[in-house]
Structures are given as structure tokens and as C-alpha cells.
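Look for chain A in each of the two complexes below; its partner is chain B in the first and chain C in the second.
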Partner chain A sequence: MNIEQTKIGETRVISPQGSLDAQTEKEFQESVIGNIDGGEKSILLDFSKVSYASSAGLRAILIIAKKQKESGGKLGICGLHDSVADIFTVSGFDTIVDVYSDVSAGLQGLG
Partner chain B sequence: MSPNTTEDITVELKNDLSELQRLTKVVTEYCESSGLSPQILFALNLSLEEVVANVMSYGYEDEHEHLIIIRINRKDGGLEIEVEDDGKAFNPLEQEPPDIDAPIEERPIGGLGIHLVRHYMDALEYRRDNDRNVLSMKKSID
Partner chain C sequence: MLTFAEEILLLFLDDDTGKFENMYYEEFKYALAGAVLMDLALRSKIDTDLEKLTIVDSSPTGEEILDAFLSMISESDEDKNPFYWVSEIAKSGAEIRDKALESLVSRGILRVEEKKILWVIDVRRYPTVDDTQEKEVRRRITELLNSDDIPSPHDVVLVSLADTFDLFPHIIGEYETKKLAPRIDQISRLDLIGQSVSHVLKRLREIKADAYVLHPY
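On to the complex of A and B.
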């Protein structure tokens, strides 16, 4: 999976592209965990180019969220497609990760 | 063929996660040629990935190649989907529902797949048949 990264102010913005599923979860997870291990205290997951996610994607997000909480950092997610927003709600993930409409709202919320 | 009749499909997958891509492709083509909505397509792709990935990841104790058989039939105004495998006996419907209100520290890693399948499908049934697991799922398409 293609994963783009930029730093805007103090926030690391990570933008995976395509499907976040049983095949791509590991790559995505490792990429974000690498940033947490590298000391990034503010991370925004930009999901505007993630057209599909399954429970494998949720598992990766939960692992990331737990790790970032332990490290005392902040984590947000933005740009969820309808189907991804739906599995977030069905799984109660909207209460454990801060969800924003887009990157600028996310940067403001985390900042 | 009238718009309301569709050829039933059967897909056989090897027990390798890379096969999921082919499954998604076949299911997407089936839904598009049958005029099914993007919501039905999503429900079908998600539920099949959850069930099949689970079988591939946990169903086999040997390193041999196995086939997982997926059948999709249009029936009584809905879809009937069956996943059949020769893995160890496992009834996913016996799994306890997750606590989706628990704080992050208490959330277990995993266990959400069958929860999502229950949400997106209308009926689920498991049977053990001739040393094979068969999970059937129904989805109404009104």
C-alpha cells in the first residue's frame, strides 16, 4: 500500500491509500508505529484516500491508538469515507480515537 | 437475461491471504453486473473478507494447501452466501459480542470481524458437515 507522510507544524500527517485490509494492515501499522517509536507526539491519520477498511484495519488502528496513549501522545483520524465511518461507529471506535472531518480540522483539534 | 436474474457464482480460493484480492474482484464484478447497490457490495466484500481471512489465518494446523469454497446465490429477494472450508471445527457464532463502549485500555486486539459480519448481514447460520465448516449468510437486497 502507498503511504504518504508529511509534517505540518508539530503534527505528523500519515495518508494511506487504497484498501486497509488483512493484506495491508501490517504495513500500515508498522509505518505508524515507527513514527510513535521515533517520538512523534501528535499524529493525524488522513483516511481521505482509504476507500475500504475491514476489521483488520480496525485492529491496526487500535494497536496504534493504545501505543500512542502509552507514549502520552495525541492521535486523530480524518477524512473517513462513509463505509469506513460506518464500521467505526458499529465498533465503537469513534469513542477511542478523535475523528475530524478533514486535515485542517484535525490539525486544529490536535494542536 | 432479465435484470432480476443472475447467474449464481462459486469461487474457490487457496488458503493464502493474497487470494482475497481475487475474491474482491469477482464479488465486485458480480454485484455490478447484477445491478446491486454499492452498500450491498460493501456488505458482501466486508463479510466475506472477515470470514475467509479468519479461516485462512486460524483454520489450519498444517502447512498444506486447502481450498475454501464460496457460493453466492440469488434467492427469495436476497442473497445467500456460503463459505465452506475443511479447517478445524470452528463456529464463529459462539464468540461473545465485544464491549464497544469499553475504554481503550480494556479493548482486546481483534474479535471485531464477526461483530461486523453480524451487523452487515441479516442472518447467519453455522453447521459442521462431513468434517467441513459451513457458514451461511443471508442479505436482503430491498
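On to the complex of A and C.
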């Protein structure tokens, strides 16, 4: 899985690409957890290039959200495609992670 | 580490009598089927979305009961949805229950007590020997429900199963269950397999209700 990262102001923006499923969730999770362990207190997951998320992908987001909350940091997610937004809504993930329309809205929300 | 089937059995079991609380086997077997699928998912053997359940890794887990169903799913010609597998695995509910009880006895958590009712009918009960694990599960779940903490995937599964099978009044009492209903619902929804088990059970209850309307006696 290709994962791009950039720092905008105080926020680390992490942009995975492709499908977030059992094949890719570990790599994604390790990449984000690495940032949390490294002290990043504001993280925005840009999912504009994620076309699919399975239950394994959701579990990775759950673990990341738990870790970031325990470290006292903030986490947001933005740019959800319709299919990913559907699975987010059905599973109620939008109640545990702040969802934003795009990176700009995410940066404003987390800032 | 206990399997989910073992953990859910402990939550269903009355410690003193060794009998199962409110156990209606027709429904309970779906709890066990869901527990098996959730175990396979958390061990990264299967993956699911809203429409299908796929095999990720068919190598054995080392847990006899899980591996039997992992093989069954691996040998399927095409991807089926999670509802299908919950219903299919539930057909072996008695086998899952017996294996899980056997395992809990061999771990020294339960003991077997054979009794006769009216001198004729054999009854087997499972009084608790060591309630450490069960108390720990209850403590963790109670703490989680009374906080706004983000749950671990493991606790999501337990809350989802306990909610689907109306176990919370038994675990935290009727009053707390009502008070914490929104929080229980929030956590239960986080697991897609748990949602499938809940759908199958809802359908089963609808069929039974329809049958009662047609044939009340």
C-alpha cells in the first residue's frame, strides 16, 4: 500500500492509497501508530484515494483511534468515498472519529 | 487466551448452579457461530464487508473448533456473505458449545457435575471452579460502558455478542442496561460480523412471530 505523509502546520496528514483490507491494514496501522509513538498530537487521515475498506480496515482505524485518544492527541478522517462512507455510517465509526469533507476542512476542524 | 465462544459461554453460565442463563438453544447457537467468525476475523483468517466474507489466510489457528470452520469456509467455491456463514456454522452450534465447555473444563475454569433428575434423566451442569477470567471480562466491560473510552476490537466483539443475546441485564443489571443502552448500541455497531449475527437473529425472531400469528396454539 502506498502511504504518503506530509505535515501541514501542527497536523500530520497521512494519505493511504488503494484498498484498506486484511492485506494492507497492518502496514497502514503501523505507519500511523509510528507517528503517534513519535509524538504527533494531531493526525488527519486523508482517505480521498482509498476506494474500499473492509472490517479488517475498520479494526485498524479503531486501534489507531484508541491509541491516539489514550496519548491525548486528536484524530480526524476526510475525503471518504461513498462506499467507505457507507461502511463508516453503518458501523457507527463516525461516532468515534471526526469525519471531514476534505483536507482543508479537516485541518480547520483539528486546528 | 480464551476463544470468544468460551468467553460468551462463561457469561451465559450461572456460576452457582452451573446452568445457562436464559438459554434458548435456537438462538444461542447463532451466538456461538458469530463467536467463531469473530475469532477467525481477529486472527486475520477472514475478512468481511457489508456483502461478502473472504478467506485471508487458510493456515490453521491451532484451535480445533476454529480450524474446522476455517476449512469449511476455505473449501467453499465462491465468496458468500457473512449472513450465510453465520447460519451455516450455527448448524454445528451443539458441537461448538461442547468443545468450548470441554476446553473450559480442561483449563480448570469449570468442572463437570453429572446429576439425575427424578432418578432417571441425566443432567450435566458446569459449576465454576475459577471465576478469575469471567470476573475480569465483566469488570472490563462494565468499565468500558461507563466511560467514553474507545474499545479494543476484542471488547467490541464481546459487547456485540452480549447485546445481541440480551446478556447485559445478567452482567450489569436491568437498570444499568437501560441507562447505558446508547453506549451499548454505539459499541455493538462497530463490528460488522456482530451486525450479521444480529440480522440473522432478528430474522429468526420475525419468522417465529409470524408462525405464532398463523398458529397461535
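Please note the rule applied: the second predicted complex is superposed on the first by the 111 of 111 C-alpha atoms of A that agree within 3 Å, B and C clash if a C-alpha of one lies under 4 Å from a C-alpha of the other, contacts with A are read in each partner's own complex, and residues count from 1 in each chain.
To be clear about the criterion, contacts are C-beta pairs under 8 Å (C-beta built on N, C-alpha and C of every residue); 3 or more make two chains touch, one makes a residue touch a chain.
Because the structure is predicted, anything quoted here is derived from the model rather than measured.
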item: Fit-or-clash call for chain B and chain C when the two complexes are aligned on chain A; value: clash
item: Partner chain in contact with A:Lys66 - chain B first, chain C second, else both or neither; value: both
item: Chain B versus chain C as contact partner of A:Ile87, first or second or both or neither; value: both
item: Superposed model, chain C segment overlapping chain B, candidates 55-63, 109-117 or 127-135; value: 55-63
item: Intersection of chain A interface sets (partners chain B, chain C); value: 21-23, 52, 54-56, 58-59, 62-63, 65-66, 69, 87, 90-92, 95-96
item: Chain A-touching residues of chain C, taken from the complex the two chains share; value: 41-42, 44, 46-50, 54, 56, 149-153, 156, 186, 189-193, 195
item: Complex contact set, residues of chain B against chain A; value: 17-18, 20-21, 24, 42, 45-46, 49-50, 53, 56-57, 98, 100-105, 107, 109-110, 112-113, 115-116, 119
item: Touching residues (chain side chain A, partner chain B) in the complex; value: 19, 21-23, 52, 54-56, 58-59, 62-63, 65-66, 69, 83, 87, 90-92, 95-96
item: Partner chain C, residues of chain A touching it in the complex; value: 21-23, 52-56, 58-59, 62-63, 65-66, 69, 86-87, 90-93, 95-96
